[in-house]
Structures are given as C-alpha cells and as structure tokens.
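As written, the chain order gives the labels A, B, C and D, with residue 1 at the start of each chain.
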Amino acid sequence: MNPVNYLYLAALLFTIGATGVLIRRNAIVVFMCIELMLNACNLAFVTFSRMHGNLDGQIIAFFTMVVAAAEVVVGLAIIVSLFRSRHSASVDDASLMKL
Amino acid sequence: MSFPLLTATAVLPAIGAVATAAVPAARRTAAKSLALLVSLATLALAITILVRFDPDGGRYQLTESHAWIADFGVRYELGVDGIAVALIALTALLMPFIILAGWHDADPLETGSKRWRPTQGFFALILGVEAMVIISFEATDVFLFYIFFEAMLIPMYFLIGGFGDRAHEHGEEAASTQRSYAAVKFLLYNLVGGLIMLAAVIGLYVVAGNFSLQEIAQARANGSLHMATNTERWLFLGFFFAFAVKAPLWPLHTWLPNAMQESTAPVAVLITAVVDKVGTFAMLRFCLQLFPEASKWATPAILVLALISIIYGALLAVGQRDIKRLVAYASISHFGFIILGIFAMTSQGQSGATLYMVNHGISTAALMLVAGFLISRRGSRLIADYGGVQKVAPVLAGTFLIGGLATLSLPGLAPFVSEFLVLVGTFTRYPAIGIIATFGIVLAALYTLVLYQRTMTGPVKQEVSAMPDLRARELVVVAPLIVLLIFLGVYPKPVTDIVNPAVKSTLSDVHKKDPKPEVEAVAK
Amino acid sequence: MSAQLAAYSTSTGEAFQFWVLGTVAVIGALATVFMKRAVHSALSLAGTMIILAIFYLANGAYFLGIVQIVVYTGAIMMLFLFVVMLVGVTAADSLKETIKGQRWLALLCGLGFGVLLLAGIGNASLKDFNGLGEANANGNVEGLAALIFTKYVFAFEITGALLITAAVGAMVLTHRERTERAKTQRELSEQRVREGKHMPPLPAPGVYARHNAVDIAGLLPDGTPSELTVSKTLRERGQIRDVSAEALNDLRALEQRAEERLERTPIDPANLKRAEEASK
Amino acid sequence: MENLIALLVAAPLLGAAVLLCGGRRLDAVGQWIGTVLAGASFVIGVVLFADMLGKDAEHRILIQHLWTWIPVESFQADVTFRLDQLSMTFVLLITGVGSLIHLYSVGYMEHDERRRRFFGYLNLFLAAMLLLVLADNYLLLYVGWEGVGLASYLLIGFWQHKPSAATAAKKAFLVNRVGDMGLSIAIMLMFTTFGTFAFGPVFSHVGETGEGKLTAIGLMLLLAACGKSAQVPLQSWLGDAMEGPTPVSALIHAATMVTAGVYLIVRSGAIFNAAPDAQLAVTVVGAVTLLFGAIVGCAKDDIKKALAGSTMSQIGYMVLAAGLGPIGYVFAIMHLVTHGFFKAGLFLGAGSVMHGMNDEVDMRKYGGLRKYMPVTFITFGLGYLAIIGFPGLSGFFSKDKIIEAAFAKGGTEGWILGGAALLGAAITAFYMTRVMLMTFFGEERWRNQPTRSPEAASAEPAAEHHGEHAEPHPHESPKVMTIPMIVLAVGSVFGGAFFSIGDRFLHWLEPITGHSEGNSPLSAATVTGGTMVCLLIGVGIAYAMYGRRPVPSVAPRGSLLTRAARRDLLQDDFNHVVLVRGGEHLTRSLVYVDHTLVDGVVNGTAASVGGLSGRMRKLQNGFARSYAVSMFGGAAILVAATLLMRAV
C-alpha cells in the first residue's frame, strides 16, 4: 500500500470535520468537528514527516496539539459562559453581535 | 543648495492653515486677519517666483529634487515652467480677494438658528486648498502631483458642504440637504476620476519604471522609452478622464453647477477659478508631455467634446434662473474654450488657453464675487427676485456689468485676448471647428446681457429698493480685479512672454508645428 | 521496523490495518457529525482519535501516538464530556436546518473541497518516501527532544506561555463572582414558609418492591405520576419512567399465568410477551 | 506729428475714465469736462489735418507704433495707429460732429441727474470710434468696433428704468455681435491666408491668393458691416435704438457709428476689388437696404423712427456705392460725410422739437410748429432739402454721384442698381417731405388734447420740469442747443458743393481708395435730370397726401404695405418667431436634458449601486455558520485556483 493513502484519509477527515462545522448548531459539537479537522492535519503532518524522513513534521503536529489543547480550554470556557447568558449552546442564538 | 522657493510657497499657506485653525474660537477676527496676512505673504512669494523665473532659461526652473519613496522611484520633485508660473501667480493673487470677500460668510448665524459656523475652519480650509493647488502646479513628479490632486478634494468637500449661502428660499433645512448633496456629488465625481487616474499612474510606473515627468518626457522624446500604442492610449485616457472631470468637460460637468450654486460665492470662485484650473493645466503638462502620440490620436474626439461644452454650456446658461448656476454654466463654456485651445496643438491655441486660464480666473472672480455681494444683500439667488438694482446701487451694477463684459470677452478686457487667440489657434488647423466655436461669443453676449437686464435694469423691485451700494471692503475686493482685467486686456505681453517658451517646448514634445500661412505676407 | 518504515510501499500488515481502521475512523468522524446527542458525538470522536493515534504509531511517530492518546483522548475529550455535563445534556438538539439552504451549501462546499483536496494530493508528486529510518535512529523521543530544545526552542517557550494564558483565560471566562452571601439553611426554610409551598421535604420517588430506581415518579392518590418526586436533573433530561400502567400489566401477567396452569385457553405467547415487556 | 495721433484717442478716453470713476463730486461740471475733451480731440484733429495738407499726397500717411499687443509666435498684433486721408476724414467728422453734439447735449440733458455718466459714455464712444478708424490692423479695428458697440449699448439703454430701452440696448448689442462674429472670422481667415492682419501687408499681397479665399473674407467683412451699419438682414436693431436720448441717435445712430460698416468696406477695398462676387453681394445688400429703409421711413409716425428708416436707407446708398468698387468708394465716403452733417442736423432738430413738445414723438400730434420754433424749423428745413438732394445742397452732389456710379457699373446690374437708387431717391423725397409737412405745417394738432402718448410717458426725464399732462407750449430751445444745429445746417448746405467743386474730395481720397471712371451708359446730365424728376414726383405725392389734406391725428389703418412697413416690414416678427421662440425652446429643452439625461445617468448609477448594496446586506445575516460557509467556499475556490495555476 502506498502511504499516500494516509493523506487521502486526512483529507477525508478534514472535509468531514469542516462540513460538520457548517451543519451542526450545537456549539460543543461544532467544536468537536474543529478538533477533528486539527487531527486530520496532524495525520497529514506525520505522514509528511515520514515522507521527508525528518521529524519536523512531527514537531509541528506536536505544537498543533498543544495549541489545540489551549484553544479547547478557552473555547469551552467561552461556550460555558455563552450557555450561562443564553441558556443554550446553539451557535445560531449568538446571531447578534452582542451578548 | 539655494533657498527652496517653491516649497516655501506651498508650505507657507499650509502652516497658515494650521495656525488659523488653532486660533481660539472667540478670537474670530484674529483668525481672519491671520489668514489674510498669510495669503498676502504667499502672494509675495509667488511674485518672487515670477521675478526669479527667466522666460528664456531652461524648461523647468527653480527645481528641487529629493528622494522620497526610493523603492518606487517616487521623488519629491518640484519645478515650474512658464505655464505653471502664470497659474501659481493667479492662485496666489486671487486668494486674498477670496478671503476678503468671504470675510463674513463664516460668521455665526444670528441667534435663533442652530447652525454654528466655524469661522477658523472656513479660512483654514481655504488656505489648505491654496497650498495643495500651488504644489500641484509645481510638482514634476507624477505621483507627488497625484497625491495633492486628490487631497485637494477633502478641504473642498468641507467648504462646499459646510458653508452655504446665508439665506435660502426653502429654509435652512432644505439648504443643508442640497448642500450636502452638492458636496457629495463633487466628491464622488472627482474621486472616480482620481481612481481611474490612479490606475493609469500605476500603469505608467509599470511601463516607465519611475514617476519623474522630466525623465519620462525626455525618454519619450528621444525614443528610449517605447510604449505600445494601445498602452499609451489607455494610460492617456486614464489621465485625461480625471482632468476632464476636474476641468469640467461635457458630459462630466454636472457636478459644477450644483457645487457652485450651493457654496458661498468665494468658495465658488475657489472652485472654478483655481481648483478647476489644475485639471486643464494637467492636460497641458501631463497628457501632452507623457503621451504625445495618444494625445494626437484623441484630439478629434476631445475637440468635439470641447465644442459641445462651449455651445451647450452657453445655451444652458441662457436657460438658468439662478445667478450662480448661470455663472457655472458660463464657466463650463469657457473651459470648453480652454480645452479647445490646448488640443488645437498650435502655439496660439495653447498660449491662448494658458492666458485663458488666468483671465477666466480673474473675470469669473470679479463677476461671481459681485454676484455674491448682490445675493447676500437680497438673500436670494433667483434672477427673478431682482430688478432695477442699478438705480439703487449704481457702483455694484457697474462692477457687475464690467464683470459680465469680461465674461463675454469684450475687446479691451483681458478675456478677449485669450479667447481670440484660442479661436485663431483652432481656426488655423480646424477651420470648421473654429467657426462653430465663434458662435459661442454671440451666446456669451446673450446670457450675460440677459442676466444684466433682468437683475440690474427696469423698474426698481420693492425688495431691492433699500439695497445698499458696495461697501469699502467689497470695493477693495472688486476694484483691483477690474484694473487687472483692463491692464491684461491692453497689455498682455508680460504674461505671453512667460508662457510662450513653455508652450513652444510643449509643442515640440508632441512634434507639432504651426501651420504655415498660404501667403508669406510678413517678411521673416 | 525502521526498515519497513523506509520502504516506499508498506507491509501488507500495515495496509490491512490501514484499510480496516481507516474505515472505522471515517465512520467515527461521520458519527461525530451526525449523532443527535453531543455525548455520542464525543464518544465517536474519541474513537476516531484513538485510531489516529494508532496511525501515528504506524507512521513512526511513537511519541505523538502516545501523546495523542494521553492528551487528546485522555484530557481533551474528557474536558468535552465535562462541559457536556455542565451544559446539561438537553434532549438531543434536532438536526433540522434553520438557515435556508445552509445545509445544501455546506454539503456542496464540503464535497467540492474534498474532491479538490483529493485531486490535489492525487496529482502532487509524492513518489519517494525516505521513511524515518535515520531520523528515529536513536529513538524518536530523543530526536524530537533534540529538535524541540534546539531548533524550535522559542516556539516551545511561546507555547508554554500560550498554555498559561489559556488556563488563566479559561478561569477568567468561567469564573463568576458571587454578588450576595449564600443563603443559610434557616433563611431558605423561612423563605419556603413565606412562599407557602412544600413545607415538608419533597416526596420520595415511587418505589415498589421490585423496583428501587430513582427515576420512577411516585403516584398521586388518583394514580397519576407526580414529577415532583423525581430529582431535578433527571426531570430536565426528561429521563422519567412512567410507571402508572405498571400495576395493571402485572395483574394481566398474573391472570395469564393462572390461566396457563388451568389450561383454559391455548397459550398466547404474543400476549405473554407483551405483558412481560410492559412489566419491564 | 504722429505722436499726436494717440492723443486723439487719449483725450476722450481720459474723459470717459474721469467721468465714470469720478463719482458724484463731478456731477456739477461733468458735462463740461466731456465737451472740452471732445473739443480738444477735435482741435488735435484739425492740427493734424493742417499738417497733412502741408505734405504732398505720397507722404500723407502717418504711422504711430505704440506697443506690441499680443505677440504669440507668428501671431503679432500691435497697437499701431495709421492716419491717412481716409481716417483723417473720419477723424474730423467724428470729433467735429461729436463735439457739436456734446455741446447740444449740455442743454438737452440739463435736467437728468445721471448726466455725468451720459457724457462719460459719449466720450467713451468717441474714443472707441476714433480707435476704429485709426487702427492699422484689423484686430485693433475690432477693438474699436466692439467698443462703439458697447458705447451704443450703454447709451441706448441709458434710461435703463424703461424696460423698452434696456431691451433695445440688448438687442442692438446682440445683433452687432452677430456682425462681429463675421469680422473675427474674417480676421482669422486673413491670418491663415496671409499670416497677418495688418492693413499694409494684407492689401499688398492680395494678388497672391485665390479668389475663393478673398470672396470668403469679403463676405465675412460684409456681414460685419451689415451688423454695424444696420443693413439687411441685420437691420432690425436700428429702429429700436431710438429708445436712446436724441443726441445719441444723432451722433451714433446717424452720423458716425452706423457708418463704420462703410468705412470697413472702403478700407478693405483692395480685398473687395479682387473678389467680384463679394462686391456684388455688397451692392445687393446696399440696394435692398436703401429701399427697405425708405419704405419703413414712409410709414412711421414716430419722428425719430422715420429718421432712423431714412438713415438706414442713406447708408444703403453708401454701401451700394462702396460695393461698386473704385468707381464708388470716394462717393460713398463723400455721401457719408455730408449725410453726417444733415442727418445729425435733422436728428438734433427732431430732438429740439421733442424738447419743446414735452417729448412727444408722434408726428401726428405735431403740426404748424414753424412759427413756434423758427430756428429749428430753418435748420431742419435745410437738412431736409439737403437729404432729398435739392440742387446745390450737399445731398444733391453726393447722392447724384452715387446714382451715376451705379449706372456706371454697366450691364444689367448697372441698370438695376441705378434704377433702385433712383427709386430710393423718389421715396426719400416722399417720406422726408411727409415728415416736414406733418411737423411744421398743417393745423396745430397738439392743441386741446392729452399730450404724451402713454408709451412715451416718463420717457425723457428732461421733460420733468415741463408741466406734465398739460397742453404743450412749443418753444424754441436754448442757444446751447440751437448753435450746433445751425453749424450742422451750414455744413449740410455747403459741404457737398465744397467737396465736389473741382473734385476736391476725389483728389483727397484717391491715393487711398483709388478711383476709376466707369463707362456710364447715361450722361451725367441725364442722371441728374432723372433724379430731379424722381425728386419732384416724391415731393408732389407727399404734398398731395399730407399738405393738401389734413393729417388725421390717429393713424388710419392703411394699406397692407403700410401696416407691414409700420412693423418694420415684419423683420421683428420674423426674428421673434424664428430666433427668440426657437432659442427659448432649445434652451428649455436643453436644461431638461441636462437635468434628466446627463445628470440622470449619474444619479441612476448611484441609485442602482445603492439598491445592489441593499441586496448584498441580506447576506450578512449574523449567523456564524453562514459566514463559515462563505469562508469555506472561498477556501475551496482558492484551492481550485491554485491547482489550476499549477496545472496551467
């Protein structure tokens, strides 16, 4: 099998995640989809690192994870506060440019 | 490194503007006097330029050149040829009169009206316009010119939109809405023109690699810079469009009547006598020098448009009911003459056109300012509201008549010289167009005399019966202009001597020679 | 190991693993998107991530693989679940679209984008795979460490700062200042008396001999269930079991059994079954 | 000597400047300043004349170059004066008659509070007219040309509070402008043809260019002449010009300005000689106008308008003569001079009559005035005899010569033109006799009837001290008015004889205009006889109609021709319908077009942009997800673009 397939998989996952972001209204699920996209990228990175035979790709993936972690923390916090103010986690309820 | 005279001339009014704006709100008169002083000082500098300029010297004199934006080859390059000198002199000359005429235009309205008129702002803006106009006359770097050509719009916008006539037939509200309409119209028209020009400027840079007028013109002249025919034509059109809007040339003229109608008389003079001149001046300096071939290619179309402007403007002037609109359309007709002269590509035509710019500035100033005094007295712009003024205010009527006669270019007054030169210059190359353009002088007589008859003669209207005659301040404004009109009409040689060499070199840039007469009657 | 990593085409073992797990991963991803309940989405996402972790390992990114499991599946997904709990697992939000044409547009874009990506990868020249042989020669973790602390040290430091900031930010965002003092027991009871409702403690859930679940509403004298008896959380989640028909079902089941013994009628398993069902 | 030439112009110009800028403090002495400066100019003229007589014919041309006016490459216009016999003649006429009329005005305008300005305008006119005749090139001539136009505008509209006056002034200026157009085009043609427009070079090189060009130039010059000299088809302004004060009518619209056209044609003789077609056109215009004016003159009851018609017709004679070429130039000028005398005299007489009649202008309300204003009667009578060409008086000589010349043109043209001239002579005799009889003879129709026809009401403030609305008390005018009349009468009696005895005038002008005897089919005696006959017929008819029968004080309806003639042969109706109406409609429609079409396009664009943005706004629905969609789509498009670029 050709390792390129990993890339195909990554692309597929990424697209699925993106579509999810567009379709779902629940902020948490949307967030998960974003995570999915990040992971797809990571997979691609790792594959590339294998392709080029050096570890930089993995490093990037590593940083991505760290950043993702930070982002998740903040994002979830935002969701929570949003829920508090609106008693709903639907992104459509935040259609006004103010809380 | 000698004293940067040109920079000083442009910077002085700019500083003056800031200073005027900084005067505390209470000290209104101080601000006015300061503005007046600055404009006079600028005039002094302009006269110095006039003296230091040597007509038989090089093409561009008193040049200054400093690197500015090295990456794009933009330089701070100033230099004046005869044409520029004449126009700078005109600008600096008119400013004191404009300021003096607008002395009370920006005073706070009587109690009861909510509108507050920032006097300082009014005069600061006027000085700002002066600075920008002067530097755009001086700039020999296309980019530098473009910047100020555009920046001019900002103060003009506020002058038009912010300060209208004191009284208005439909009340203050209607007045302000119409004013803002006029101001926005002015801004949009010129911005569109400027935008297209910007594209052309960038295109020019892509083609030529720098913005220096002199370098490019030289390269064009000695053929080291070759432009593809179509490229040159597109660039030319880009430049010309902006200038034609500014000038204004039919059918891009409709902003002018609104702007002049809604703004106070001094601002109207500022628009038509000073700012618009930048457009025609730029045609002469940039269009012809940068794109000689394209200019020649476009000449027929432009001549026809100019012809339309002449006749059309005059006819519409006849049909106006509003004094200021009438003057505006008259100006459109006159700008038609100027453009006609420029693109006739004869030395008579172009010298005439340059002379025309100067004379039209003075004559319009005279006519419009007197009209402004008249309007401020009666509080109406409608011709029908006047009648028999000459009975109650003979001096006002007399000056008005002289201004009108100058507008219809009566021999003996300055505009005649330029108009006749333009006509001759056109006729020698395009007889038919010359003859049609001549009809303009009949129409000019028509609208001027109709205006005079309706407003000044006939039985005295009730409303004007108590109208005071010209006051001292107003006389001080008008008298010098009239003297100047007569002087330049009788002895225009000083101006032509300055202008002719510049025109000669411009013509050599476009490789055009005056047509030879059929019979050599005068021994060379 | 490294040898096969270096190889251009992978071993059949890896191929097999890829095809099986890849499919699962895709299914998990789809599930994440299309599951009604957030919880289910979270779980399926976790599954996908684990599979990705395995793929990392397969690609010679041992460290990342572990980190993926520990950080993502372990920490982040748990965080998600916590939030789900916190927000309250409201009755599943419908997938019905509210914005006109949004879904179709989204699917169209997704499809187009995906196709484009695949096409891009397809005609990209990705022939030679050097593999990580020498890169991982003296250990993958050591290799990474060497890079992180030399070449990428600044980035590393900055991510550290980022993490701190994120933590603080999260606190700031979620922390709510208490404006007034918490009410004491006494005050609460007084308030209850003042409002004049539920003077006594709330009734206990209905409990039968065969049942001791908390999600069963107690019956009022007229036999209708009373919401009050079930705890608030369950009530909000709509997880209340209705047992009002319980007694009748049992009775019917009793009768049937009696009749079987007395062999009055042939047995009707369907009935019986229903009865059993109902009684469950 | 030549340095004096500038002074000729400078003196009245100075007067104009002083009087117009001087302000009220000069009101008291204004009229005298004006008169003295006009007189000074006349004196200078006489001095120069004497000096000129001292030289022999070759050296009589004086050139004074003042300064270079408009120098642009090959276009060189100088301010240069040229004083030769031709311009000398005019200088004397202008300054002489001018001074007299200044004097007359002192009395006539005595009670007008804007008198100072009046004299300022008169001086301005003198300066412009002198500039016109002294100019050495066409452009400078053009300055004078329009200058006199301006002066006439100001003077016709002097009583601006009268709308009719203001309108008349405007009309005069506009019609003249049309003529000026012709002049300026002619100048441009000269510049393109000869590279100059100075008299000397142009005339000396006429031979080197084609006849077509010259004809064009000639026709343009003719157009200019028509405008200034009120020749058909640009004649319509002269009648209305009578709205001005009577001295103005005498000086500008009879003696001097209106003859500028003749001067122009004679001055450009070299061009016309080389362009026969243009010459023919000139003669035709002249012939038509002399009949036209004469017919109009017959029908007018307003004494000034009648005289205006006569002026038109007399100038027709001059133009006709000028069109005949070298045969006629001299006589054109001669008639011009004599006409200057007697027509000015007639107008002053008319003014004096009006002065005595509360500014009544309707001849039907005159009658039997001879015993009340004898001096006026005598001077007017002499002028009358002169104009109809009574043997021995100036008109006789000059007009007779023109008729001879017309016949001398030869061929059918000669017969037609000559016939027209003869007919004109007859009609002249008729209408002048009519004027004479209606004014000074017959019963006194002005007794016991309301004076001052309403349209003439408040006409001349000079009347305000006479008892208004009372019966007029005809009286002789003061000396200051009668003296000029007497002088002019003398001139009109002896001028002709003085000029033609021994062909003085011919020899005087010949060096400039050249002269040639045509081959006349008729002997001079025959022509004179014919003229006498026509004269007698005209007088006879007039006497039969107005001398024997009493004149109705309200005009009878009259024949169709009469009514048409009263309306100036419908010229104004034509102008009104064709030009005024048409122009108004044109301008109105253009205003509409400008507002809706030219401006509408712009506003339409603006509106459409506004609407478009309004629609675009709907995309901004605030839902993060739809933004995300557009973002995602954008990303997709970018990827596609990238791939495409790589593919290409």
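Here is the rule we use: contacts are C-beta pairs under 8 Å (C-beta built on N, C-alpha and C of every residue); 3 or more make two chains touch, one makes a residue touch a chain.
Each chain and its UniProt protein: A = NADH-quinone oxidoreductase subunit K; B = NADH-quinone oxidoreductase subunit M; C = NADH-quinone oxidoreductase subunit J; D = NADH-quinone oxidoreductase subunit L.
Since we're looking at a predicted model, the values are computed, not measured.
Trainee: With chain D gone and nothing shifted, sort the other chains into their touching clusters.
Mentor: A, C | B
Trainee: From chain C, what is the lowest number of touch steps before chain D is reached?
Mentor: 1
Trainee: Pick out whichever of the two, A-D or A-C, is joined by more C-beta pairs in contact.
Mentor: Between the two chain pairs, A-C has more contacting C-beta pairs.
Trainee: Can you work out the whole-Å distance between the CA centroids of chain A and chain C?
Mentor: The answer is 16 Å.
Trainee: Taking the mean of the CA coordinates per chain, how far is chain A from chain B in Å?
Mentor: Going by mean C-alpha positions, chain A sits 63 Å from chain B.
Trainee: Please work out the Cα centroid separation of chain A and chain D, and write it as a whole number of Å.
Mentor: It comes to 96 Å between the two C-alpha centres.
Trainee: Where the CA atoms of chain B average out and where those of chain D average out, how many Å apart are those spots?
Mentor: Using C-alpha averages as centres, the distance is 37 Å.
Trainee: Enumerate the residues of chain A that touch no fewer than two other chains.
Mentor: Within chain A, the residues that touch at least two other chains are 18, 22, 25, 92.
Trainee: What are the residue numbers in chain C that touch two or more other chains?
Mentor: Within chain C, the residues that touch at least two other chains are 99, 102, 105-106, 109-110, 113, 117.
Trainee: Could you check chain D for residues that touch two or more other chains and list them?
Mentor: Residues 621, 623, 625, 629, 632 of chain D touch two or more partner chains.
Trainee: Can you list every touching chain pair?
Mentor: A-C, A-D, B-D, C-D
Trainee: Given the complex with chain A, which residues does chain D contribute to the contact?
Mentor: 621-625, 628-629, 632
Trainee: Spell out the part of chain C that touches chain A in their complex, as residue ranges.
Mentor: Touch list, chain C to chain A: 5-6, 8-10, 12, 14-15, 18-19, 22, 25-26, 29-30, 32-33, 38, 41-42, 45, 48-49, 52, 55-56, 59-61, 63-64, 67-68, 71-72, 75-76, 79-80, 83-84, 86-87, 93, 95, 97-99, 102-103, 105-107, 109-111, 113-114, 117-118, 121, 126, 128-136, 140, 143-144, 147-148, 152, 155, 159, 162-163, 165-167, 169-171, 173-174, 176.
Trainee: Using the touch rule from the top, collect the residues of chain A that touch chain C in their complex.
Mentor: 1-9, 11-20, 22-26, 28-29, 31-33, 35-36, 39, 42-43, 46-47, 49-56, 58-59, 61-63, 65-74, 76-81, 83-84, 89-90, 92
Trainee: For a test of understanding, state which residues of chain A touch chain D in their complex under the given definition.
Mentor: 18, 21-22, 25, 91-92, 94-97
Trainee: Could you list, by residue number, the parts of chain D that touch chain C in their complex?
Mentor: The touching residues are 621, 623, 625-626, 629, 632-633, 635-636, 639-640, 642-643, 647.
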